[in-house]
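Structures incoming, each one as structure tokens.
Below, chain A partners chain B and then partners chain C, in two separate complexes.
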Partner chain A sequence: MARLVAFIIFAGLWEWGATSANSILIPTFTETAKALFETMFVTGDVWPALWISNIPMLIGYGISVAVSVPLGLAMARWTVADRMLNPITALMLALPIAPLVPVVLVALGMGMTPKVVIIILFSWVFITTNVRAGTRQVDRHLVEMARSFGASEREVWFRILIPGAIPAVFAGLRIGLGRAFAGMVIVELIMLPVGIGAQLMDYRGDFKADLLYATTIVVVMEAVLLAIAMQAFERHLIRWK
Partner chain B sequence: MTSAVQKRPITGPEPTAIERWLRELSSNWGGIALIALFWEIAGRLLNQLWLPPFSKVVARLWDLLTDGTLAPHILSSLTVLVTGFAIALVFGLIIGTLMGLSSWVNAALDIYVNSFLFTPGLIFAPILFAIFGLSDATRVSVVVIYAMFIIIINTAAAVRHVDRPLLEMAASYGASRWTALVRIVMPDAFPLIIAGIRMGVGRAVKGMVNGEMFIALIGIGGQAAKFGKQFDFTSVWAISVFIMVIAVIINQSVSRIEQRLTRWVG
Partner chain C sequence: MSSIIDIKGMSHAYGGAGGTLALSDVNLEIRKNEFVTLLGPSGCGKTTLMRAIGGLVTPTSGSVLVNGKQVRGPNLDCAIVFQNFALMPWASVLQNVAFGLEMRGVGKAERMEKAREAIALVGLRGFEDKYPKQLSGGMQQRVGLARALVVSTPIMLMDEPFGALDQQTRRYMQEELLNIWQQDQRSVVFVTHDMEEAILLADRVVLMSNRPGRIEEVLDINFERPRNPEEVERMPEFIELKEYLWNRLRQMHEMSAA
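On to the complex of A and B.
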């Protein structure tokens, strides 16, 4: 009920604001809704662009997860790994990636590789630090006790560390996916206009404001759906455990 | 395999704050110095355009800072950052408090607030650019979008979880709603709200840099974009290192203020 009222107020304000602004670059709510329907179901223009944008994102995120989760676990378990990697993660957390995009492009050339690498750069450190922090919260005494009762390293991992670390690992995966998605959007908007980024810039250049807004809404919907899916997956796994 | 548990001798003095700080400094700064050294060697051996040695990057940063190239852009960026963050803070606190106090407002707005939080803020840059053009309003609104929603979420959660019995007791002693808000809700919710503000600051800096990279004309990010297009990678690295240092300084100061305020209120 509250949601419906809020939506009506929001749509009404938009409609009224856009009509009174009367600008070619500010579409009304109804125009945007119409364009959204068109680009999704009539012309289907948004899907190929979304697909082009998502391929490097998914590859980059996959590699990032495969590398960062073991790194985070290793940092939590072994002081040596922690000592070695801590300065790197501390620097990477603070290093802005966006300005370095042209550096990666020149280093790796055109094509898919630089985009994948940029997405990895955007996401890996957030996954590693979250996994490390969560796994460190697993009770140290439990590990010590298991060792003194003769548990092998393998048993420590599979019986204590990994089950205890699962919530943190998933938090890391969720944050990492958000970062990978942000990387995809940022790369396309500031450097390599392909896929969705190119479409947005074209619509803006051609004054197709309704399609510009509609395509933006599609990207927002994808981000929200990914977040909801990750949360549902997380809840499911934790309950199952 | 020895366990990683840090064991302190039972007797003997506790390490003082200065000792701890020195130890932290030596471990992390030692690592950072090693990375810088590695960078220097790799830069000289590989001899690639995209990886200038660290010493050259530092020298270039010094030049950019002293010859006045960066100064106006730094000023412009910081103005945008402060303006955008101030707007995000005011609206974030007001909307967050309303969402925390009223379940109606919360139900009405939570979809939008969460959607904005999940979505990378830069996606709105083309729309904002279409509305505001090259004026500072474009960059300011990108900063607002980056920073505001985490402040809203944390404030709402903090206010919602204020101790209910405490509120009821205050009401039964005749405290007005306003008094209750100022004297009970705010102090109780304070730590979580401040944590949201700290995250908001970090996001604001990102929004500033990304928004400026998008417009590619003004501000520190704009300079980085310009140098990137000119293949002047020594300057790109110099600006990236500079942004990183600024981000760390801002982050550290906010954490320090957070600690002090939390201790003072608690």
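On to the complex of A and C.
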């Protein structure tokens, strides 16, 4: 109910603001809603673009998860791994990735590979650092308990460290997903005009502000839906919290 | 009677041979089915001594023998009840209790059956599918107790197991521990800083002093078994023992403060 009221107020302010601005570049709420409906259900223009953008996103994010989660676990458990990787993660956290996009494109060309690489660059360090922090928080007493009852190193991993790290792993996966999305859109906007990025630029060039806004909303909705799905899965896994 | 635990000239320093001396020249024999409490001020190394028996600490010198064998690494003749309960928050009561059996390779049907029996024994029937977070502190430690009982080790090590509980719950737990131990005897090494608890439970109280930790005195406690703590507490011998221990602990405190 409160959310609905907030939404109505937001829509009303938008409508009023856009009407009084009276600019070709700022669509009203109703115009945007109409364009959203059109691009999703009438022309369906948004879907192929979204699909093209999503392929590298899914590949890049998948690789990122597959590499970053074990890295984070290793950093939490072994001091050597932590010492080796800490400078790299610190650097990657501080470094803005967008300026690297042209560098990667020059090195790797214009195909799928550079997009995947950039999406990995955007997301991996956030997953790794979250998984590391979360795994380190797993109660050391539990590791000792497991050992005292005869658990092997492997059993300590699978019965204590990994289940204990799951909440942190999910926090990392969620943040990483947001970053992968950012990477996907940015790379298309900066250098590789295909998919959603290309569509956004076309609408901008043609002064189709309503479609520009509508397409942006579709991307945001996809990100939100994925985050919600992930949260539901997470809740299912950590019912014990 | 033969001893099951035999500690000879054990010393332990944290941070290697040059580090802080936690225990100095400890000699102690514990018999089969004996209930021993380790009592002393904080920093006397009572928990370190217990952990050495469990193989979680390797002493810097001296030896710890269990069943005549040198302890090296986690000792599966011991089951530990931890001060902070050490329950897996993501596992149900049943899974927590069955954990030790699972690590020992007991098949699923058998370990579930045994775990259910142990849960009933500690009075938690009906809570098998709850998560630790849904239980009170006293109930959580019952889970910890059941987990240690169910592996049927000849030795149970208890590290201030009731220290985190309120007075009343602690008393219930002491009575139940005595009942269970009476029915199903094993050697118990029980660490505490509570004098009354030390006397009520034990066959022998091992009094330890700090800096460095060593054994000051070993007292035989001869109250009849099975014991009723409330009766024992009213006996003049109990009050005498308590006063004696109180004075000894105060002396230690003055010595270390001086």
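FYI, the second predicted complex is superposed on the first by the 225 of 241 C-alpha atoms of A that agree within 3 Å, B and C clash if a C-alpha of one lies under 4 Å from a C-alpha of the other, contacts with A are read in each partner's own complex, and residues count from 1 in each chain.
To be clear about the criterion, contacts are C-beta pairs under 8 Å (C-beta built on N, C-alpha and C of every residue); 3 or more make two chains touch, one makes a residue touch a chain.
This structure is a prediction, so every number in the text was calculated from the model and none was measured.
Using the contact criterion defined above for the overlaid structures, shared-chain residue A:D139 touches chain C, although it does not reach chain B. Of the two partner chains placed by the overlay, only chain B lies in contact with A:L25; chain C stays clear of it.
Contacts of A:I238 after superposition on the shared chain: chain C is touched, whereas chain B is not. Using the contact criterion defined above for the overlaid structures, shared-chain residue A:I160 touches chain C, although it does not reach chain B. Comparing chain B with chain C, more residues of chain A are touched by B.
Contacts of A:T79 after superposition on the shared chain: chain B is touched, whereas chain C is not. Touch criterion met: A:R147 reaches chain B and chain C at once. Common to the chain B-facing and chain C-facing surfaces of chain A are residues 144, 147.
Residues of chain A that touch chain B in their complex: 1-3, 5-6, 10, 23, 25-26, 77-79, 82-84, 86-88, 90-91, 94-96, 98-104, 106-107, 140, 143-144, 147, 153, 178, 181-182, 185-186, 189-191, 200-201, 203-204, 209, 212-213, 216, 219-220, 223-224, 226-227. If you check the complex, the residues on chain C that touch chain A are 54-56, 74, 76, 78-80, 82, 84, 86, 88-91, 99-100, 103-104, 131-133, 147, 151. Interface residues of chain B facing chain A in the complex, by the touch rule stated above, are 1, 3-5, 27-28, 30-32, 34-35, 48-51, 104-105, 107-109, 111-112, 114-115, 118-120, 122-127, 129-131, 206, 209-210, 213-214, 216, 221, 224-225, 228-229, 231, 233, 236-237, 239-240, 243-244, 247-248, 251. Interface residues of chain A facing chain C in the complex, by the touch rule stated above, are 139, 141-142, 144-151, 155, 159-160, 163-164, 166, 238-241.
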